[in-house]
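Here it is, the structure in full.
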Amino acid sequence: MYHKTQREGFQCEGSQCEQALLETGSPVDEARQGVLDQLVSWMRKRSLFVLAYGTGCGAIEMRPLMTSRFDAERFGIIGAATPRQADVLVISGYLAIKTLKRVIRSYEQMQEPKYVIALGSCTINGGMYWDSYNTVKQVDRYLPVDIFINGCMPRPEALIEGFVALQERIARGEKGGFHRYRENIDWYKANQRRVLGDQMPPAYTYDWYHAGGAA
Amino acid sequence: MTMPLTPVWFIALPLLLAFASPLWVRLRLLMPLLVGTPAALLALALGLLPAVRTAPLLETIVIAPPLGIHLQLDSASWLLVALINFAGVVVGAFLWLGETEPYLRERRAFILILLLIAGCNGMVLTGDLFNLYVFLEIAGVSAYALSALRRDAPALEAGLKYLIIGSVAAIFFLFAVVLIYLQTGNLSLAAVARGFSEIPGPMQMLIGLLMLIGLGIKTELFPFNFWVPDIYQGSHPAVASLYSGILVKAFLFVLFHLVFLFLADPGVAGAWLMGLGAITMLVAETVALRQEDLRRMLAYSSLGQIGLITLALGFGVESTTAGGLFHMVNHTLVKLLLFLTAAILLRSFVSARIADFAGAGRARPLAGALFVLGALAVMGLPPLSGFASKLWILKGFAEAGVFWPVALILLAALIEAGYYFRWIKVLYEPRTEVAIEPSEGRWAYLPIGVVAGLIVLLGVAPFLVDDLFIEGARSLLDRTATLVAVLGAGS
Amino acid sequence: MHAILDSLAMIGVSYIMGFLFYGFYRQLNARVQRRWGPSIWQNFFDNMKFFFKSETLVHGPMFFFGPMIIMAGAFTTVLFVPFLKDSNWLQGYSQYGNLILIIYLLVVGPLGNALAVGSSGNPFGVMGVTRGLTRLMGLEVPFFLGLGLVMLQHETTSVHAIMAAQDGLAHWGIVTNPIAFCVILLPFIASQNGSPFDVVGAPVEVYAGPRVEFGGRLLGVLMTQNMMMSIAKLVLVTDLFLGGATNILVLILKAFALFVLTTAVSMVFPRLRTEQAVDFFWKVPLGLGVLGVILTVWLPWSA
Amino acid sequence: MSLILKLFFFAVSLSPTALLMGWDGHLTWTLLDGVGLSLTLTPLAAFFLLLLALAAPLVALPMLRRPADWPSLALYAALLAGMQLLLLAGDFVSFFIGWEIMTWSSYLLLLRSPRTEMATSQSYILFNLASAFLLLAGIMVFYGLTGSFDIRPLVGPTQPQQLALALLFGLAFLIKVGTLPLHIWVPRSYDEAPDIFSAFLSAAISKMGVYGMILLLTLFPEALTGLYGRLLNGPAAGYLLAWVGVITAIVATYKAISQEDMKRLLAYSSIAQVGYITTAVGVGSSLALGGALYLALVHTLVKLLLFISVAGIVLQTGQRRFNDLGRLIERMPISFFGVLIGIIGLAGMPPLPGFAAKYLVFVSLVDARWLLLLAAMILSSTAAFIYCYKLIYAPFLGHANSAGAREAKEAPWPYLVPQVILMALLFGLGVFPGFAIEVLIDPVLTALRMAPLGGSSWAVLTTAYGGYDGVVLMSVFVTAFVLVTGLFLLLRGRMRRAGSPYDLSYAGEVPTEETPLHYGAGMGRELRRIPLVGWILRHSSQGFYLGLTRQMRAAAGLLGGFYAGNPQTWILLAVVVFAVVLGLQAVTGGI
Amino acid sequence: MLSFLDEPRVLHGIYVLGSLTLFFIGLYGLLAKRHLLKILISIAVMELAVYLLFIGLATSPGETAPILSDGLQGFVGMADPVPQALTLTAIVIGLAVLGLGISLAVQYHRLTGKADVAGLTELKDV
């Protein structure tokens, strides 16, 4: 149930592309099937550095993950201090518009391959903030989410399950969300601009993608 | 008509020419003669040098025996005479070429300067106590008048102050002369010297004290020198250069001449003078630290150097005495340089306050450079002449194993650096708004340049002249030789 | 040829030892905290993952060369530390160096990297570098004083000679010169970026410190050199105080023992602020060092 | 005309080189009765002449840039003449003459800078003249003892005599090198001097103090040991000197860290470096003196390089404070490398010769068993890393903080040529640490009747305590570097250039030009919280000298009161003196 | 009855006392009076005291003035001529100085309206 507003519109360049995006699964990357690639995927799977972005109440659920009780480190999951070092961005809960800018900025600063996990109902459809004027309802429109973990809030066990699911995807060599972001950068940027207006973060990544992405 | 070239010309010539001044005004020869007279005397001195080096020249102009004027030109007094006349040439040339203030280029100034030179020459040459008093007064009166020549309030004030203190000094000196005559019945220096030891001790003491105060005021020693900065400040710098360069040197010479001649053992008096010299030096250098007026600063610096010379001469050892005489010469050169440069700067910048001199060295590079050279020389920095003489003095003390004067001299030099370099820094202050006017009287730099050249030359090659100073020191110190020369071997 | 093989072997050994030791450290840490902890290979995985990141951000040439310099410094350090005594192998170029050179080589790389940090333009990184340098300033004093005691004891700066002098347990440095060992122990932990003194890279306080801008493959390089450098230091201390080793197993054993000792200290103390750490070094280890100097040099019965 | 003059001036600046190559005689010049100058070139002096020969033309080159400041050039020529006289001196008089010419000409050069303040110039000249006059006093004592000005060892001096000499000469030279309580003239003058001339001040002129100190050692029969015997394994008198040096180094290092101005930082770093040299001289063994000479050589090269680079930066940006610079690496790459090599040498990092020098000093301290000194020296030399880093970070890295820094261009070639030459020299000496030992230092040590350090080849630095091989070290490092870079580039994956300098990981924030991103001046500020460092930074000896100045001025005012009166006061004073003396004489029974 | 006054010792004693008194009067005036002319007069008085002392002590009772007039060919029974000659010279010089001093003082007064020695404050330490 969406609350449509002028600011957060669905009137993008055509609902086809939007629909296509939503239906696109995560096909296995055709190019990456060699032994080395499998090995690399396996390494990636075993080592996930998490940039936990405490956007909402989900932040409180992130902490126990690292403690003795849940011990995410046994999966190779460990916190990273800066986006440059992180592999996974965890959006923990509802995303205010003010926060969105920072989240986009952080996401764009991460080095590929990078993944996004979104926690809770709020990131899926706004959840209890469905009619808030300043909360992003559907994170997927602004950032390519790989895994949604539903619940309000999801317990750490659920979080671990989500991480394991992500690890399996990585191990399978599926294309991550960052591919989607790269290929549909114009769409994402348009969505972002619609919400953020002149508060848009710098267009470094946009320029980079458009320049062909080669150093 | 052949005129014998005798020392009497040193006194007679300037006097004669001075009193014939109306003639020179008419002939427009005033300025050339102002330079020419001392120049001629300098030439005469140089001509007499070979003779003086073999034996002192004695001359007695008999009025009626035993009355007469005794003149005595030995190696020591030759140095002073040459120095006095050289300074006369330089200052005269500066006044002539430098387009200085008109009152210094008139007849009055001409007379007074020549009288001053004559008086100084006379003081140095005379072998007679009373003549000494007379020449002292001649020099004194001309100096008072020279100070007041500008006739504005500061100049008159300087003249008056100088006159009062100078007269008091002369009275004390005269008192001493009277006492000496009453005790010994003689006025001839040599004769007095022979009989001086027979005067009872307390009377010797009294005479000594009177003499010390009389000459102490004139030679600017510490507790008697408070008048100096005022006079130097009130007078034209060129005149002040004569005071510092000629007058004080002549008095200093007289003081030590008397001390070394009268006293068979100058040890005690020498120690007193050394003490006074040291105090003079330290006090003057310290006070100079605060001076904001260029002329006063130079005055205090003069005092400090006088103290140094007194300290060196008072020690009474050949090497310090030679060094002291050398330093006298150097100090005269340096003070000529500094005061004349100050005159140039004062003309351009009107005020003598330190604040008004900011950037003067950049606006007047040549004057600035000359001032720096003079300052370096006066502090005794090599390779300038001040260093050579200071080294000589220090070496004398070190040879004798007496180190406290070494320490004091070096301390004083350090304090001296404290204010001289302050002035140098101000001279080269970056200041853009210094108006660079076209400099008039470029020729004024000529005599100063000559002095500067001499300072450098004497600093680099003092060996050219060091014999003169050694001989001078010997003749100053060697009492018996003088007595024998004047009074005959039998005395 | 031998030299090349030997060098490669040293680099390999130090790398393997490095990630295994750190893997062990993480395991042990987890067990102390009643967790399972990651696998002992976890550091290797992390390292490899970074090496195979498909994107690496650079801020300019200096930013790129910094990690290269630090890596080259790590290689050089490793090659100048003799791993074994009485052996042809694992010697590297150690006979061309000496103890003081090694101590300085340990700093060359980090300073090169500090340039890269600076050129990134991130103030947090530079702040971290400054903290690192400050800590270095604090720890080097007692550390070097301890080494000075050792150099004095053996009258040489050659690590080979010092190792050779320690034949038999009774002649081990830790026995003959226990004060020196005590003096260097805590600074040694700090130089390993061990726990009470690890404020340099503290994520919460300075946002990861010097590494704030490094990601991808460059971070991989930094991790690698860190592990190798640690091993080089461990081996060095083993050489100086534990009598060196004649074969690789003994070496690993001794180094591991030392590692466990430092780990034990690391795990139980909370983090100190930089100035606290420096002050601590200048009071406790340095005081101990001064005591050592008085005992070994100043007192009349000492040589 | 101006070109010819410039060429002439450049030729003058090459005169130390010519002297070094061509001098093989003995020249005498009589000054006064019994005082003559005799000029010879001893190996020790030749070493320092070499330093001068290195510094003179390299400093002259940037000085010749248009528009030439002719007075500066003339003064520089006088300065060079004075320093050569000082080095050639076979007797103390010429030594002193050279010393003084150096003092005043450098002072006048200092005044050519528009930034020089009164306090600076006064402290410069007063301290240096105090040094000169102490020297002269020492010379006089020496003359009193030996009856000659020739520089030669004393024969059978008593201990008080030795002490007097050591104190006078020692203080003179310590002022010149600027050790601790006597250093306050250094930072100000190095900072405010003309930018290029600072290089010469730090590189060449301060070395003359070092020359003096080593010369002083040769005056005594057993150098420092003869003075108060031995302490542990070194001279007891030297122990004091060494502590003076080390404390100087420590304090100056911390002061350097807290500076916000490039040149002042370099000035304090000079003080610190010369502190090391003082320490080494204090140890006095052959190893230590070798180390001292080596340090002097390296410091000359490094400070020339750094000051010239910094002068280039100041010239091009018009800024000299760390806060106002930044990110010049892209605009002034050669200067960047100059400063980089410079700080590596300054910090004593292995591939460069700074390490060799420090190594010798460390080993000599171990040899003398002065371990506490060793620790203190390590404290200073590791703390030096901080200011070294600051020196390269703040101007070249980080973010440009002023218009000048944003629009700067590379320094002109007269600044770059010396930098390149110096870099090459430093690099060469670093690869061949034994070269300096064998060719430059051993002859000096032999001449001082000390054991030469020797070495099997130029690549090796050898001591009894072990040594290292510069060539192997360098080749290993370079190979490793090439290998690592090559392997890295073999890895697959994209390199991505940051979109802008502000593309920073900044807690999700977006920094802009206005964000205070540059950490230049603040660097090291937190060091104040360390008790010892805080104590050092809070204290200064400046207050003492200010107090002294105040007291002098007060005394001047007091005494000046005498001169302020009117004629009656003066006469009264004279009469009172007269009466008092007379009365005293009467009381003591004279009359 | 007053013939004891003719004894040289007594007479000389009186001269000494008298001239010293005069000298101190002059000194007092010099130190205590503030008018420029009074100061100059005091100086003249001091000088006078010295002349008197000189002449007085150099002359014994009964000696005649040392004037070589007709018939007198030698200095017999005359006072020592030297002090007389010297004093004459000194008086001339003193007169010159005094004249110069008074002219300066008068000029100074005309220029500034001041005649107070304590008012000479144009030149001083700054």
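Chains: A, B, C, D and E, in written order; residue numbering restarts at 1 for each.
Throughout what follows, contacts are C-beta pairs under 8 Å (C-beta built on N, C-alpha and C of every residue); 3 or more make two chains touch, one makes a residue touch a chain.
Remember, predicted model here, so these are calculated numbers, not experimental data.
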item	value
Chains touching both chain C and chain E, listed by label	D
Pair joined by more contacting C-beta pairs (C-D or B-D)	C-D
Chain at maximum distance from chain A, centres defined as averaged CA atoms	E
Innermost chain, where centres are averages of C-alpha coordinates	D
Chain whose average C-alpha position is farthest from chain C's own	E
Whole-Å gap between the CA centroids of chain A and chain B	97
Inter-centroid spacing, chain D versus chain B (mean Cα positions, whole Å)	44
Averaged-CA centre spacing for the pair chain C and chain A, given as whole angstrom	38
Averaged-CA centre spacing for the pair chain E and chain D, given as whole angstrom	69
Touching two or more other chains - residue numbers and ranges from chain C	52-58, 207, 212-213, 216
Contacts with two or more other chains, residues of chain E listed in rising order	30, 39, 117, 120, 124-125
Multi-partner residues of chain B (at least 2 other chains)	161, 164, 168, 229-230, 287, 290
Touching chain combinations (by label order)	A-C, A-D, B-D, B-E, C-D, D-E
Complex contact set, residues of chain A against chain C	40, 43-44, 46-47, 49, 68, 71, 73-76, 78-85, 87, 109-113, 215
Complex contacts: residues of chain C adjacent to chain A	26, 30, 33-39, 42, 45-46, 48-49, 52-58, 203-204, 207-208, 211-216, 219
Chain D partner contacts - residues on chain B that touch it in the complex	161, 164-165, 168, 201-202, 205-206, 209-210, 213, 216-217, 223-224, 226-230, 283, 286-290, 319, 322, 365, 372, 376, 379, 381-383, 387-388, 391-392, 394-395, 397-399, 401, 403, 406-407, 410-411, 413-415, 417-418, 421-422, 424-426, 428, 430, 461-463, 466-467, 470
Residue numbers on chain D that touch chain E, as the complex places them	560, 563-564, 566-568, 571-572, 575
Sites on chain A touched by chain D in the complex	53, 82-84, 101-103, 105-106, 109, 111, 201-205, 207-208, 213-215
